[in-house]
Amino acid sequence: MREINFRQAIGEALDEEMARDPSVFILGEDVGKMGGLMGEIGGLYEKYGVDRVRDTPLSEAAILGAAIGAAITGMRPIARMRFADFLGVAWDEIMNQMTKMKYMFGGKIKMPLTMDALTGAGRRQAAQHSQSIEGMLMSIPGLKIVLPSNAYDAKGLLKTAIRDDNPVIFLEHKMLMWAGPKSQVPEEEYLIPFGQANIVREGGDVTVVATAYMVTRALNAAEKLEKEKGISLEIIDPRTIVPFDKETVLNSVKKTGRIVIFTEECQTGSFAAQVAAIVADEAFDYLDAPVKRVNAPDTPVPYGVVLEDFWMPNEEKLIKAVEEIV
Amino acid sequence: MAIEKEKLKELYRTMVRIRRFEERVAREFAEGNIPGSVHLYIGEEAVATGAIAHLRKDDYIMSTHRGHGHLIAKGGDPRLMMAELFAKKTGYCLGKGGSMHIASLDIGMLGAAGIVGSGIPIATGAGLSAKLRGTDQVTICFFGDGAANIGRFHEGINLASVWCLPVVFVCENNLWAVSVPTSCSLSVPNVADRAAGYGIPGVVVDGMDVMAVYEAAGEAVARARRGEGPTLIEAKTYRFRGHFEGDAGTYRPKEEVEEWLKRDPVNNFKEKLIKMKVLTEKEAEEIDQAAREEMDEAVKFALESPFPEPEEALKNVYS
Amino acid sequence: MREINFRQAIGEALDEEMARDPSVFILGEDVGKMGGLMGEIGGLYEKYGVDRVRDTPLSEAAILGAAIGAAITGMRPIARMRFADFLGVAWDEIMNQMTKMKYMFGGKIKMPLTMDALTGAGRRQAAQHSQSIEGMLMSIPGLKIVLPSNAYDAKGLLKTAIRDDNPVIFLEHKMLMWAGPKSQVPEEEYLIPFGQANIVREGGDVTVVATAYMVTRALNAAEKLEKEKGISLEIIDPRTIVPFDKETVLNSVKKTGRIVIFTEECQTGSFAAQVAAIVADEAFDYLDAPVKRVNAPDTPVPYGVVLEDFWMPNEEKLIKAVEEIV
Amino acid sequence: MAIEKEKLKELYRTMVRIRRFEERVAREFAEGNIPGSVHLYIGEEAVATGAIAHLRKDDYIMSTHRGHGHLIAKGGDPRLMMAELFAKKTGYCLGKGGSMHIASLDIGMLGAAGIVGSGIPIATGAGLSAKLRGTDQVTICFFGDGAANIGRFHEGINLASVWCLPVVFVCENNLWAVSVPTSCSLSVPNVADRAAGYGIPGVVVDGMDVMAVYEAAGEAVARARRGEGPTLIEAKTYRFRGHFEGDAGTYRPKEEVEEWLKRDPVNNFKEKLIKMKVLTEKEAEEIDQAAREEMDEAVKFALESPFPEPEEALKNVYS
């Protein structure tokens, strides 16, 4: 099988879906000639033309507003929002419009709208270009949230997102976009359904729920723990935050009796808290140890190597948490 | 522009129907049949009526929190509206949305805006959609003078201009955003003066005169339909009641209110049509009577309709 | 002692702080002649003048942006934002500006900025005027979040908020603002510190963490449970979501071994999840039963009596959850 | 307006210092000494220099993601700036903010804007504060042509106008927002044309000519200082490098880039001053040499400074 990287996965998914369905179109800043901030969608503008690959003014509220108006009248827009940090300037479109209209209108519309945005730290981009905001997004009912950890999943999930009749945000971790490893990916089309977690690594001692770039770090930690201490981690990547495949996680906890939730967000108001709460309720009788979370501290993301590396969750922090409960 | 007799009567009928609907809502609200808040369109009927008269059924409108008039003008069914206000299962939104959130895509009503100004970029998107789908559908986007100060006014209108989209932006300038007068939010004489910053026509029109609105909107809709891009129309108008039902509106000077009440768009138009011999007193009476009966019927329908099942609350978050 | 209602508490707190400190001023929509949506600040405009009680255009981003600019240059603004639902149109000011500037700038500024906004359902106001968004706000480090449950606390906490050198959002529950019971309130000045939970009712069987209007409902449920089943609830009102007084909650759980978190938010991404996660970690050894949460379902807030009442958390739902774990 | 000789020299010196600082940043970035992203001001030096020359130390500026030039013009210390870029403890923000987030309240630098346009309403707030505190401080708010399309441009400038605040809004129109040209975002000739919608003066100025900028800004600052309200100045300029270091900028037509490179604001001003006999070649050389040494020193300072303690990451979230 051929290998592609995360960026190529994005480009291919968009290309295939645009070829397949003429109602799909892209709008956003620098999507045209520039082909995306990292050239990840290079060629689409040339292939599909200015109508379907639309550079916009720097007007995020208008980008999402326009996407909403187009979505409810028969189109299938993909709004490329660059950094998730920028969503604040179009937050009402997300929290009050695209996610509420169907419900408020008694179910009588469809909202097939996909957004994508870069997430995460690690590139020394400081507080306004590094945030993980899935916890904030998660509190908006009506939104589906995709957080892939590798190129293979990214391609299959993005195609599913575009075909979904609901608003979906697809979050691309910077460390995967810039320098993530390649995945083996078939030539043939494939889709990955939402709400199906991936058991990235099987193990018997501790369940680790990890997302996005933290999956890579969890795998590193697992190897080390296995080799050095004989502790075996079962690593689960939910892939979609909403819908969340809680069964897979609960089943794993029933087996291991222990769980650490390992995500890059600030701890307060995180997806990790949500998982912890579900486990503490629904798998309580199987738990042999406190429910642990390894996340970032409750601060903005600092600039620079020293501070950002200290801030980010990493292998050592995960190992420490695991050792506390085994 | 000479407007045909039948058209004039139709305009009048629509205005009367809006007025009677709103009066009925005021009464039902006072009697406790309508929960939540309602914002009435009384005094502003000429704007929705004159503008929407140019639209086809497959054209779109984007409405506001003060949206009942827009919906009636676009062909909305007062029974389904009233049922929605009564929070009944038979309402436009199954009783889930209420006064501020009625949509009906089959007649081109894209929704109202509980968050002031939120409709502006959405209307731009409907215009984009029409263009991409290769139709000649036009979208009219209504919003208030208050909304003209929110960021989306700027972003949404600019984008429609840059992309030359078939959208007509209609600012219903009723001089007040709740208790804040335009003198506290606008340092130019007209909201329409801002159109120049987007390179589109800005038109000021007497929003108490349905014929004036009809004329201005006619040009703007035709321009949009021809693919020549958006227009910003500002209709100077006035709300005759409080901001919402229950608001005494004491912040507005009495004299100002009285002055504007004299300019009642419905009554004055009736007198004008009678003078023009387009309408007889008797016909006017019939139109009025029919509207009253229609609204009685709407209330009856709403009253007799069942509430939704409680579990309906859990449905339709996702497709 | 005299009695005042929730609205009066707001008005008195603002009045006293404006009288005390000339750098305090108010800006927002309808704060002037109208005296607030419910007349709650009536008289302030007349007393302090148009400079210090400023009606704004309908421009929430400019309201908060201006408040930020004023706060970092020596003023102490109070931005009245009406419905918390409207914060989406000024979200970037909240998530990326007021809460991050101090940190990004190496600590070299102060941001004494208070916002207040109505929260919660129960007034049949539908999806865009009824939300509880403390879960969403909580995921922003740098913001303090106040959620009072009665007029006495409201007054003391609002005064503390205004004197705080950090951005604070003060959330006023509609059911308390419109029709909440009166509190006994002294004539003399008092402040209530942030981060000190209030044990509203002592009890030995189950700890209930409740916020805002749910405190009232928790008290009703407690009475019923005591009378009918002999079950004794300990009700804790955290009063501030951030900072959160976890010690008081953990100590209570150590006593009762059981906890239900009872808040009005949608369950996913809620403050309730955060409390559950903390308890499942830090009081795990004391827990005798699953950690329960009673919240609203993950849907927008529906309109109307039937649907909204079904949607809102209430006494019956709390009682059911308690009975499941005793 | 006749500008004094000494002032002209000072303007030149500031421009040279900005240019040399930015060149040094480019080099240090390429060598891997600066993490993250940097956006350089090369080509636009005349704008910050000409505008800020009118400000006192206690006046304010609000900067952008392309903000080094503004800070130097306002009296920022290149050593502390460079240290910040190097993420060192001695930087303006203890190494926590980096290129896009430098603030220094003691010299009136209110911060930069990683979120494009976010500074506009904040500048309005600084103006409000000056007015409320009864000072005559003026705030200059810089932003790009891209930022002129975000909602806050509308809200922030309108509010400043309605409240008649002492703020000068300076749009640095370098024709591009990353790869999006103004032709895709502006349907009028000038951003300054939008000033009319807010009832304030809108002035277009050659942003490659520091004297022109100085003149236009002088009037605007004086107007603000007199309490007569805001002005919108649009300086037509050009960035000589990619959007950020590392951006090849291939989306821009070669001819356009070449055309603008000929209009180098620093070199052309030098030649002009020499022709005007305000400056000798030797003096120019000295100024340049001093700037180079200053920036060498800044880099040395940054290199030799320690990194912050890792635990610094946990501090200063709250006061």
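Chains: A, B, C and D, in written order; residue numbering restarts at 1 for each.
What we mean here is this: a contact is a pair of C-beta atoms (placed from the backbone, for glycine too) under 8 Å apart; a residue touches a chain by one contact, two chains touch by 3 or more.
Computed from a predicted structure; not experimentally measured.
Looking at subunit A and subunit D, the chains in contact with each of them are B, C. Taking each chain's centre as the mean of its CA atoms, D is the chain most distant from subunit C. Centroids built from CA atoms put subunit B at 41 Å from subunit A.
The distance from the centre of subunit B to the centre of subunit C, with each centre set as the mean of the Cα atoms, comes to 36 Å. With centres defined as mean CA coordinates, subunit C is found 30 Å away from subunit A. Touching two or more other chains at once are residues 93, 95-97, 101, 114-115, 118, 149-152, 154-155, 158, 162, 184-186, 317 of subunit B.
Among the residues of subunit C, those in touch with two or more other chains are 56-57, 59, 61, 85-86, 88-89, 92-93, 96, 103-104, 126-128, 141-142, 298-300, 302-303. If you draw each protein chain as a dot and join the dots that touch, every dot ends up joined to every other dot.
Residues 25, 51-52, 54, 56-57, 59, 61-62, 64-75, 77, 92-93, 96-97, 101-111, 141-142, 144, 164-166 of subunit A are the ones touching subunit B in the complex.
Contact residues on subunit D toward subunit A in their complex (touch as defined above): 35-37, 87, 93, 95-98, 100-101, 114-118, 146-147, 149-152, 177-180, 184-186, 251, 307-308, 310-314, 317. The touching residues of subunit D, counted against subunit B in their complex, run 149-155, 158, 161-162, 184-188, 193-194, 196-200. Those residues of subunit D lying in contact with subunit C across their complex are 60, 62, 91-97, 101-105, 110-111, 114-115, 118, 120-130, 132-133, 139, 151-152, 154-156, 158-159, 162-163, 315-319. Note for the complex: subunit C touches subunit B at residues 29-30, 32-34, 55-61, 85-86, 88-89, 123-129, 297-300, 302-311.
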